[in-house]
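Once you've had a glance at the structure underneath, I'll fire off some questions.
Chain lettering (A, B, C, D, E and F) follows the sequence in which the chains are written, and residue indices restart at 1 in each chain.
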């Protein structure tokens, strides 16, 4: 048993349990965090009643979710109605399995458990699973989260829910494409699909991918926002139009599961961005944070750094949410299909080209490519006229027709 | 049919009416207070003044006369030309409205007339925004001029419509004008209060809030009321009325213009006789007696149950020569009578039908009464026959065919036990079952009694049904002159009860929503009188 | 109905290439929020139960009150104007003939459903005698719905409780000069010296004297409602 | 590691079930779903054979099958929506009348 | 001024002038005998020719009025308007008190001319003495057979009733008189139909003033040409003038209508000048309803036409009230306004409310609480009530507006001065009721 | 394949077919427990057959996943609600993907999930939800010729199985040999993969014809697709393009010209009432 825990499988199990628990706790405090940030942005105090600084607020909220009546409306499709939040929760929750939290761990440095091992005898990967299609796994899992939203919306048998679900569905499908393409840019640059290797590579070279492909990093961040249904892409639950979006009919714990899912996927996607572009657990000039440092303490430090980076990203998520207004749906789609997809395609093609010339690790070349793609996008964007949308287009039409014959139009 | 020109528009008019009436009928909004088509013309409010083309005395040419003439007093002549839309006329209206409001207390917030007050309407439309008088207002007293009426003299515009009404229509001369100038007051002679059977009309003719009905006093603001056109069920005259109601409660009745019956008036008996509609003693739910128990059936199952029980009964008893007997009350509408007759004829084609007893009280009262009623023309009559639809029910019975007897004969035959099943409809607000009638109940094996108030027959009834007050249903009445007049529903029946015509519609085997019109269409195939009903001509929009 | 010629066709302003990316604008916005986030001294929130905000007494629209006139009677004349104007239909009045000679009507019942009320102040605007007013009191709580329906007595009590912080205005429009002022100048024009006129005049004066007596009998002095 | 035969049998079962469903069901969308099931059967079979021959041909074939399935889904669903708009039903029988 | 022999008042001062005997002895009842020999149409024609204009105030030609009667009438009434309610007027009373038979003779001739079977002499309620005198005279005439069936032996019959009203200024208006005579509330009737078509008891009726009818016997007796020879051509015949106020000789005088106001006041045969040497400030020359003259306008002729030139309504009853300089014009205004506010019948809106409003304003000005704009307001009110052509049923509001308007216009300077001079605090009006 | 295995298999087919027949939607029948029982028996027979033909390596995972795939497929076919059909199909796909992983085809598995479950089926669900929002329609309650369909399906199944097993049996020996060689080759081939690649992955052979023993890794697939199947890849790209154009062309909303509206029947009615030809 003692030995089992320091095998990769056993360690993975422990790590999985640990990370899962931490993420669930983190989700609860994310909500607190979010409310605080919202409050600060708006010159308020935020939750400050439950416990010191309101720190017990998440617990109060959680208790509230648990103790509320778990009500299933009469008009819903009961099976799917119950299933949907579960799917959402599970799908958002299993993404973290392949995230590398701290490089390699020398099992012998683990106090008490690894005492019987020689240093360097058994290196454990601080990762739940190491898959050779790691990123593909993440993409596959993320693509499944659509089902939670769609089924939740449809089974509610409520038009607002349904609209929310439809929107979420279209949005996720659309943003998956640029997301995948930017990930592929990293994959091309790094030459591997394994996340731990990508992280290790960055740590080893000290060059984070964001310095090579800042544009790709931005696009990935934007698509991550959209995939997590976060503002300004929270069309699926636009209160003004759709009451509560796909979870209008949900309450109590089932709503809580949706909520947890959203924040869990925030954490997962932030971690993904961190690993792909921000060097994972790496920080320069800290000896404990190099490839070579594999002791348990170094790993803990790495994990802390990783968590810190994730926390900063999540702060950015929230900062964005409380700063920017929501997109209109057509704007959202235009952004995806007309800006992000072409840009990420361009980046992808360019990265492939760089790879062909062996320049894929060269920072200047990569930056130049990014700059070119950005410039191209700007050029294309500034070429056309300002798109006239919605009502204004109608106006144009009306006035044009006025010139022809008003009588014709009226008849 | 003279043609005249009003404000440059040619208007076709009627012979012998004043220009004011012609203009109102043509859609002009000419302000007026003292003019009322049912009363004599005094032309004293001077609000309807108009300009008129007259021959110049020197040259004989037609030109606009400098003097404004009252349009209420000027009869229509072929080819005359008048105008209301001129500065002089408008100025006069404006000034007049200022004068009317000089001593008016402007207590619209507490005035019951507010909302249907022509001082409000006209000063809004034709008047000044402000009064230029800064002196204290003259205060005229509030007077209790009769048991049912209050007089707020300070709101009065001295149109004397009320005075003329008591002189010319009721002929009772209670009201008069006392004092002079702006202290002129409407008053009664000491010891002779305004208390005649038509006195409620003085409140109606009052264009302002001066004469108020004590019955309606402070009850509601008029804009809360909704109206339904109806027919007064108080007597067989069939006066056209308007039911003003709010929150499913009848608030007041007002007469409706009907030149064939009541002109503009109605009697107090009808006006205040509706209170029984909201009597808590009413039967409000159907009851079925089963042994010693009384059950409350659902309305929805009643039609089928009743038909079943009558048919079952006829199978048992029909062979023994005992028939179904039905009494149709003169308080039923024609439609209800027809539907019930249809049902009874269906369950027993040889059923005996009878019209219920018609109540009579005293003698017909004709107005104007008293010394100054010159007797040349009766302007209003209150009939002694106190049921609205005896003729209608008789028409239906006549058309129903089969054996139709009068109520006395019916009662006698019932006592002999000729009928085993019966359906007796009441509906008289004051009760109608005397001791003798009450005895017939015991001779039925299956008796359905439908009435608005509990009556002694209920003791013997197997099934008791509530009927509705006339305000709660729709249909038509045939008045004493044979005029078929429709009335519409104003309020919902009380909780538990159901509109009679709807229930009987379903009982007679029809489905869907019953309406008087729809049933009349069905009836018209058998009774041609119901092909069309009488609707009084529309009153001009701006007339009052 | 908007006519076609009234419609303005508005072109969006032409954006430069940089602006078209929207990123600078987005970053500018985020800078603003960030600044607020760390400007800790700017917190605007009032910590409610401990701190209370100073309200503008004249304008704040809180719980209603029914004013008393100078004799301590309910000032309302039961004209239903407030209930007519109320967009939420939360005012229910039952009028009765007033026991006082100087007015026609008074409210026998006057209920406001504070839960239905949207505190728009239309009732205040509509009142011809300035009898209903909204007070700066916003802390209205209750355990049941019934508790939140304030009757006449409660509304008068609200007046008594708030008359210090928000004194009653003198009504400026009223058909009843005596209801607002303690002794409004009452000038009747005596047209001539005929006996009849004098009698009428005396009778009217007598009316008001009787009114005063009646008022006294009803206990209509200050402090008492007088409508009880 | 399971053998090829099992995969072939399973693939055949899926294929045949898809076929039975395609024949039996009347809903156009479900019918297309059944064809997709047949694809799944084929995928399993070729993956099984890929295992048998220890090369990637089967898997590559399966990959192209995915392409075909995607194309089919795109076009077929577009068609279904069009048909649904025309007839207001998804019943395949509604389109059984030949009109030449 | 030419000399003038009184015609109408010729019996005044004669002993027993009220008796039939004295009247006949001084040539009375000759005219009626002459008239009865003529056809009624001829009588009407003669009166028409004489251009006898009504002496009641409006000045409508009497003959013309008589000829308006429908030809196919069966019943005709003659009403004699003795409701002399205009404040300074007492000429009818003088006629009736001193020479009742002259009136009765006129009534008989007029009744004959219009073929009236019944004549009513309507007196105001305050005329106790004239009533008794007149009643006695009528009884006398009945006794002599001059009244009743077959008067003077002719085929013509006429009954004369003397009736006393209940006391209202409006009853002096012909339709008001008719209403009152019918026993109703005395307020004017709407015209048309005019009384000549539909009057008393809905029958054709002629209403004439006492003085008018007193002229008739003289026209018949002396001929129309004599009548037209007296006075100017548009205002023919003798006329009674009343003078009241602080003159030395107030009273009723007869003269032709070529006399001026100044003569009426100053001439020793009439007013005889002002008492105590005071100066004239204002004269209301035609009863109060016709308007006021300032001191500079005293040259106005007292005929039917001249007053119009001075902004007055007409000659009216030709009863002049003289006001001296000691009188506050605000009081004049107030009193004038009060009279009409009191006497308005309350039927027509403009008159009912307008007169009382004018009174309120005038009262306030008189009390010392006037505002300068009140003068405009009162003028406007007056105008809104309708000055000729009037807006009301009868002419009372016209009569109410002219004195107010002329006083305000002609004495505006003094009024403004008075208002300016009043204590400022008094100008503040109690605004307890504003609406 | 032994005859016992084959007959067991046929028995499984017969039982399964019978069960399926009873399970197919039929409004005249309620839920058919008997059908489910017979079907279950069929599945048991199938497992037995698998066990009889199975090699040593066949683990519990295969049985579980296979059963899941089959059960879900049956539900796809028999469920009266199309949404549920689609969702069961998602499960089928997941099971198939897992089966692929069992066979070492990890890239294919990921592709299956991403493309099938993540894209294609989402589209299906989308369309179903849009087209059919209120409960199961009559279309889904009644099957079309259930007996014949089941017969056709299961006869095909038997035929394929019979032939396949025969062929497999004859090739078994050779196949086994080839597999062993391939495994050997993978061990000896020098790893030429880029740095950082896992050790158990090998560089594909030049033409892809001779893949590493443990196939299915992404790199190998990439190599194969980009080299050996280059033409096919391009063609499939072309096919996707054509499909995209076609889909856009098909679903394009035709905006009627001004004034032409009146000439056409309203859109909703146009198809519903077939005008007499």
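Everything that follows uses one rule, which is that a contact is a pair of C-beta atoms (placed from the backbone, for glycine too) under 8 Å apart; a residue touches a chain by one contact, two chains touch by 3 or more.
Quantities reported herein were computed from a predicted structural model and do not represent experimental measurements.
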Worksheet entry | Contacts common to chain C and chain F (chain labels) | A
Item to complete: Determine the chain that sits nearest the middle of the structure, using the mean of its CA atoms as its centre.
Response: C
Worksheet item: By number of C-beta pairs in contact, which two chains lead?
Response: D-F
Worksheet item: Measuring centre to centre, with centres taken as mean CA positions, what chain is farthest from chain F?
Response: E
Worksheet item: So how far apart, in whole Å, are chain C and chain D when each is placed at the average of its C-alpha atoms?
Response: 73
Worksheet item: Just how far, in Å, is the C-alpha centre of chain E from the one of chain C?
Response: 61
Worksheet item: CA centre of chain B versus CA centre of chain D: separation in Å?
Response: 78
Discussion item. Distance between chain D and chain F based on Cα centroids, please, to the nearest Å.
Written reply: 6
Response to the item:
Residues of chain C that touch at least two other chains are 175, 186-187, 189, 191
Item to complete: Send over the residues of chain F in touch with two or more other chains.
Response: 107, 111, 119, 130
Discussion item. Multi-chain contacts only, two chains or more: what residues does chain B have there?
Written reply: 105-106, 135-136, 138, 179, 181, 183
Response to the item:
Per the touch rule, the chain A residues reaching chain C in their complex are 37, 39-45, 319-320, 322-324, 377-379, 381-382, 386, 388, 392, 395-396, 398-399, 402, 406
Item to complete: Would you mind writing out the residues of chain C in touch with chain B in their complex?
Response: 77-81, 84, 95-97, 103-105, 128-129, 175-176, 186-189, 191, 196-197, 200, 203-204, 207
Discussion item. Under the definition above, what is the set of chain B residues touching chain C in their complex?
Written reply: 105-111, 135-136, 138-139, 141, 179, 181, 183, 217-219, 221, 223-224
Worksheet item: Which residues of chain B touch chain E in their complex?
Response: 41-47, 49, 66-68, 70, 73, 91-92, 95-96, 98-106, 131-138, 157-158, 176-177, 179-184
Fill in: chain E residues within the chain B interface of the complex
168, 185, 190, 341-350, 352-357, 360-361, 363-364, 377, 384, 386, 389-393, 429-435
